[in-house]
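Submitted below is the structure of interest, expressed as structure tokens.
Chain nomenclature is as follows: A, B, C, D and E, assigned in order of appearance, with residue numbering initiated at 1 for each chain independently.
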Amino acid sequence: MEIFGIPHQAFLGQLMLGLVNGAFYAMLSLGLAVIFGLLDIVNFAHGALYMVGAFAAWIMLDKWGVNYWWALVLAPLAVGVLGALIERLFLKRLYGLDPLYGLLLTFGLSLILEGVFRTEYGVSGQAYSVPEQLAGATNLGFMILPNYRAWVVVASITVCLLTWFVIERTRLGAYLRAGTENAKLVQAFGVNVPVMVTLTYGAGAALAGLAGVLAAPVIQVTPLMGSNLIIVVFAVVVIGGMGSILGSVITGLLLGVIEGFTRVFYPEASAIVVFVIMAIVLVLRPAGLFGKEA
Amino acid sequence: MPANEFLRIENLNAWYGESHVLHGVNLTVNEGEVVSLLGRNGAGRTTTMRAIVGLTGRRTGSIRIRGTEAIKLPPHKVARLGVGYCPEERGIFASLSAEENLMLPPTVGPGGMGIAEIYDMFPNLKERASSPGTRLSGGEQQMLAVARILRTGARLLLLDEISEGLAPVIVQKLADMIRALKAKGYTIVLVEQNFRFAAPLADRFYVMEHGKIVREFEQSQLQDNMSMLQEYLGV
Amino acid sequence: MTTQSPTLAADVPASPSAQPAQGIGKTARYTYLALLAVALAAPAIGLYPVFMMKLLCFALFACAFNLLLGFTGLLSFGHAAFFGFSAYVTGWVIKAQGWTPELGLAAGIVTSALLGLVFGLVAIRRQGIYFAMITLALSQMVFFVCLQAKFTGGEDGLQGVPRGALFRLLPLEDDRVMYYVVLAIFLACFLGILRIVTSPFGQVLKMIRENEPRAISLGYQVDRYKLLAFVLSASLAGLAGSLKTLVMKFATLSDVHWSMSGEVILMSLLGGVGTFFGPVLGAGVVISLQDILADKVGEWVTVIIGAIFVVCVLAFRKGIVGELLALLERRRARKGA
Amino acid sequence: MAGEIILETKGLTKEFKGFVAVNNVDLQVRRGDIHALIGPNGAGKTTFFNLLTKFLPPTRGTITYAGQDITHEKPAQTARRGIVRSFQISAVFPHMTVLENVRAALQRNLGTSFHFWKPEKSLYHLHERARELLAQVDLQDFAEELTVNLPYGRKRALELATTMALEPDLMLLDEPTQGMGHEDVSRVTQLIKKVSAGRTILMVEHNMNVVSSIADRITVLQRGAVIADGPYSEVSKNPQVIEAYMGSADNELQGAH
Amino acid sequence: QSQSGPVRIGMITDMASLYADIDGPAGVEMVKWAVEDFGGKVLNRPIEVLSADHQNKADVAASKAREWIDSQNLAMLVGGTSSGTNLAMAGVTKEKKRPFISIGAGSARLTNEDCSPYTVHYAYDTVALAKVAGSALIKAGAKKWFFLTADYAFGQSLEADATKVIKENGGTVVGSVKHPLNASDFSSFLLQAQGSKADILAMANAGGDFVNAMKAAKEFGITKQMKVAGLLVFINDVHSIGLNSTEGLQLADSWYWNQDDESRKFAKRFFDKFKRMPSSLQAADYSATMNYLKAVQKVGTTDADKVMAELKSMKYNDFYQKNGSVRADGRMMHDMYLFQVKSPKESTTPWDYYKLMAKVPADQAFTTVAESKCSLLKK
């Protein structure tokens, strides 16, 4: 049996792999969407924070023997704290200015973070091995799926849904959404907005950090891993439209899959397929797939 | 401090960035009183309210709310002293539904109005409850902005131009509402261009000009002061 | 958070006519004259001509970029695409097709104008950061095309482009001759940008920057104006790239890479967005810094560049020239008072 | 020419996800009138304006302007036909001078707006006309002032001058006196009266003083539908209008302000 | 070219990025060691070493080279890693007539269609990698090949060179998939390789791409189904992936630190300073500098043409190579080696990673005169 001219086994296999990549896109674009949606900052440093998350896990294992499961909690926490610091020290001073300044500032920060890790650890990359419990692979019949990758998909979708729930369905979420539009007023109602904003950025950063930890066993941990990814994730976000948190998650997964299939049919194009889709979507629907028309 | 003094402002100065807007405002509002601030466009009435809540830039002087000095407090702490603020520009949130907007402000004290009571007063809001906040009509947004702070149990209400953009019927309803609130012992500061709306409601009036209080008089002295108001407000 | 936000674009009066006093104008005039003198004498006073030419190319690139950001209020994060792609086109037509340098430059401008048109048509429909992100993504596409296409030589770059003779007359292989050609082109473009900004078209751009909905309600089809501004900026950026190919004799992927877009933003920001001379100064500082730093601090270059970015955004939003102008303005205001 | 219908809607309807905001509205505006649109909050007045200016597409119905069906035109096309809407919040270019603000509107008809190679001087001949327009709204003395520095009421005046520079046939004003002090209200009311000469004005206004003093004709909307239409004296006595909008009879003439 | 003042040797390489570990600052240090060991002076003129980071950008490399030659009177240039930058430097040195020794570049173009009278290509090239690894693997029974190729000039020429070798030796290429440079995820490509039923998966990529692909191959169980070969693998890559995932991998290189006593001596000195073992490139950096200085000493001038003539006529014997010689096209002809990565059990000491499988003599390893398009050879 064949689907689009490839054996259906390979087809299913590629679909699976697409989902794995999509899971990373989803988590990263989710974090970006949270930070952008709630704080109006295009967080260019998101890729760098992702990288820091992966490095944090690696350092924990390498230097202190902290295992994967602990790193899964501690590394995002560390990145979250770093994020909170960044918000307190830098971003705080930019509220009320053109959001483009936030973009430029975080761009600068990402250069700094990347540079620091580069001088410290070089670029060739550090290996982080898959935790024992998740080692090995399952033969799905149509492919051999490493257990770890299956875990990545499950973990990331769970996290995404949780985040969506908190933002769209809870009172805290309502404060956050309102704070985006008029932080001062929300504060005047009695909500401690400055702390909330710091925590939100921290949480967005922690999401990036978490994605980093999840990615560490899949790819080499290198200082450049974030900057390679961030632009694709930007495109994902533009395609999704930043209109809804859920939109960014769905778009992320979808694009992962599409990109996966491009690798089969026309591998040369796999690096740009996301951008091509972006251009097409923008022409047809300027606000993105899930964005609200302005 | 006398027990019934709810708000006491002394020598309040406030700035927006470089520009100095309030130049030593002094005023007091007693518990259960309705006080109206009158003045021309740009006299500084909105700024006074914003300064109380902590939304201007730098400010100096003293603002005591139920005896607590609030000049150094961040806005959320001021609100928790029992202050509810209805801003001039309404501040309805686009990403929240009308009902979410209504439910947004956290409770800052006991005795707030119930949802049913509020919907009773503004049936439009009930009808549009699930619409995004800013999709409401101008007037509906105004209603929402007022209704929102009635829920929180705030005892000091700062109402900035609440009759603005409302149909005459609704304005009448608002007037009734303010009387009802006063009867319940709320303390209210009213800023209004619409003098005819504010005149019968207020117990006391302050007149502002160039960021200063220039006159103060009671409801009973209203008639005597009409010519002065004519001069200040062009009423 | 969303409040009425001052934009990145000029706070500083853009058109000379809007500069109320003679004082600033005079200072500026003398400064320009002095700089022109230095530029003319550069080869004679021992400044390394290749370096000076590189600097001028980037200065032109930054000015082109600033035409868009500073005077139209659009932040493009994809200008490297025009700069880099034109660099390749010029290199290729000269090297592989044997075109003359002037035709090579023209080919570069035309290509980048067309590319700018395509970018513009896709991106103009969105504003602010969306615009920035879309241009970034589009430029990434161009990057991949350059990486893949045969004529660019992939990551080896397009090398050994002969400079030839301009109009079959001026032997550009001589660094000095080349330098004066580059300087002349730069000056022409600089003045051209001045003119664009103060032209009737420039007035419309100013309206769009100040209050876009209002411009729309006055009946201006703002997208078309933005598009033209984008195409103009792209063409000039392309010319800068083409010139660089001639100067350096090759075109490479780093010219199309998004970090180049970041660099040109840094140049404008550092020098002063929305000022005329800012981008030139910014380009000078960044290029010199890179030149010096690369050898002195090695791997820390990115960190330092990043730090400059952060400091600029936090403390010098107006950039060097912008802050200077503001200082003069304040002085004058105090004197006047 | 007076008496001729310049704008007409037939069965104009707008639904938002099942909610009918504008319901089957037939409206006729006569050339040269100041026509007021009033109604309770949420009646659909602003939505109706949005339909006329093409900011929203109608669900049903037609819009005819000067005999031509313009239902499906684009906002910019409508604007070029001479239907101009004034914005609620001061729509000016804050960092341009008052004169430049007006010139911005005049420049459009010059046809050189894409000429990026021409000097600014080529616009100077517009200054004369700009000053004339400024004089009409008493702003002649402020011509060189930066617009940010103007007080609120003057900004409204400037906005009117700019709007007039477009030579509109039909001006749509949405609550033009909202948020103004008494002096400004009467100034702007007089201004509207003044600029209405030779034009048609359709305005939404809650201030009954303004409406009663300048409107030639009034249409009352409620829940998206027209409930009354006619001169002020007639409409203000309509019991349905009083109940739905003006409130208890003793307030009738006094209005909200 | 002035014959007074210090003799300046410049080295331009990747100091901080992708290839900084295999050459980089340590490579520069090797040039300095060679200068020190030579005595710090030649022809009674002090020797100075300049170094610069090209950030893998050809334009940076070329402008630095041009600047040094224009304003520092550079005597000789050492080119570090990456083909693009080296081709650019070769262009400049050809125009300005200065000896250029390219160490880290893979592209065989340097001595083929883009050859220059002033270039010496010292360590390896893609042709050698393909010939050495390719023919050995086919002999070992790998007939059906599948390529995982980095989609840029270097990867493509590596694949093309290897394909030629495979066909000549009776093998077939059953498939090939190109991945973008710096791909983060190889699973999809590997799935395709898996479906191909090839005997061997050959990776025509380098650095981080190779490392990631290797890890994923292990994870997806590919290493169990087919042989995996790396066409350009440096010892640093093996170190960073670990023997667990690389065991059994066959690779070609020009030098290995543990191949003889001389090499071990050099390696120890290196290890004491850098806490890792030198790559073949770093060894070549030292060797090239040392031999250049010897040539200068011999001809008594730094004049480019005279030095080049000497470099092309002398014999090269040191810890890096035996009986090496530079051909007219600039190709350094020396033996190449095929290694296999040891299993963790076989590896007894730190960095004890390779066992020698075969030594391939220079004339079988590199482009032959007959194959070459370089005009310098045809005279």
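Everything that follows uses one rule, which is that a residue touches a chain if its C-beta (ideal position, glycine included) is under 8 Å from a C-beta of that chain, and two chains touch if they have at least 3 such contacts.
Here is each chain with its UniProt name: A, C = Branched-chain amino acid ABC transporter permease; B, D = ABC transporter ATP-binding protein.
Because the structure is predicted, anything quoted here is derived from the model rather than measured.
Chemist: Which chains make contact with subunit A and with subunit E at once?
Modeler: Intersection of subunit A and subunit E contact lists gives C.
Chemist: C-E versus A-B: which has more C-beta pairs touching?
Modeler: Spelling it out, more C-beta pairs touch across C-E than across the other pair.
Chemist: Can you tell me which chain lies farthest from subunit D, using the average of the Cα atoms as each chain's centre?
Modeler: The chain lying farthest from subunit D is E.
Chemist: Need the most distant chain from subunit C, centre defined as the mean of C-alpha atoms.
Modeler: B
Chemist: CA centre of subunit A versus CA centre of subunit C: separation in Å?
Modeler: Those two chain centres are 32 Å apart.
Chemist: Go ahead and note the Å separation of the Cα centroids belonging to subunit D and subunit E.
Modeler: That gives a centre separation of 76 Å.
Chemist: Based only on mean CA positions, could you tell me how far subunit C sits from subunit D in angstrom?
Modeler: 43
Chemist: Hey, what residues on subunit D touch two or more of the other chains?
Modeler: Counting only residues that touch two or more other chains, subunit D contributes none.
Chemist: Name the residues of subunit E that each touch 2 or more other chains.
Modeler: Subunit E, residues with two or more chain partners: 16, 151, 180.
Chemist: What residues in subunit A touch two or more of the other chains?
Modeler: 118-119, 180-182, 184, 268, 271
Chemist: Got a list of which chains touch which?
Modeler: A-B, A-C, A-E, B-D, C-D, C-E
Chemist: Mind listing the subunit E positions that touch subunit A in their complex?
Modeler: Residues 16-18, 20-21, 151, 177-180, 182-185, 187-189, 191-192, 195, 207-208, 211-212, 215-216, 219-221, 236-237, 240-242.
Chemist: Quick one: which bits of subunit D touch subunit C in the complex? Just the residue numbers, please.
Modeler: Touch residues, subunit D against subunit C: 75-76, 79-80, 84-85, 87, 91-96, 100, 103-105, 107-108, 110, 112-120, 122-123, 162, 166.
Chemist: Which stretch or stretches of subunit B touch subunit A in the complex?
Modeler: So the residues of subunit B touching subunit A come out as 53-55, 74-76, 78-80, 84-85, 87, 91, 93-96, 100-101, 103-106, 108, 149, 152.
Chemist: Applying the document's contact rule, which stretches of subunit C touch subunit D when the two form their complex?
Modeler: Per the stated touch rule, the residues are 15, 17, 195-196, 198-204, 206-207, 210-211, 213-221, 224-225, 228, 232.
Chemist: If we count contacts the way the header does, which residues on subunit D are in touch with subunit B in the complex?
Modeler: 16, 19, 38-47, 151-153, 175, 178-184, 186, 206, 208, 243-248, 251, 254-257
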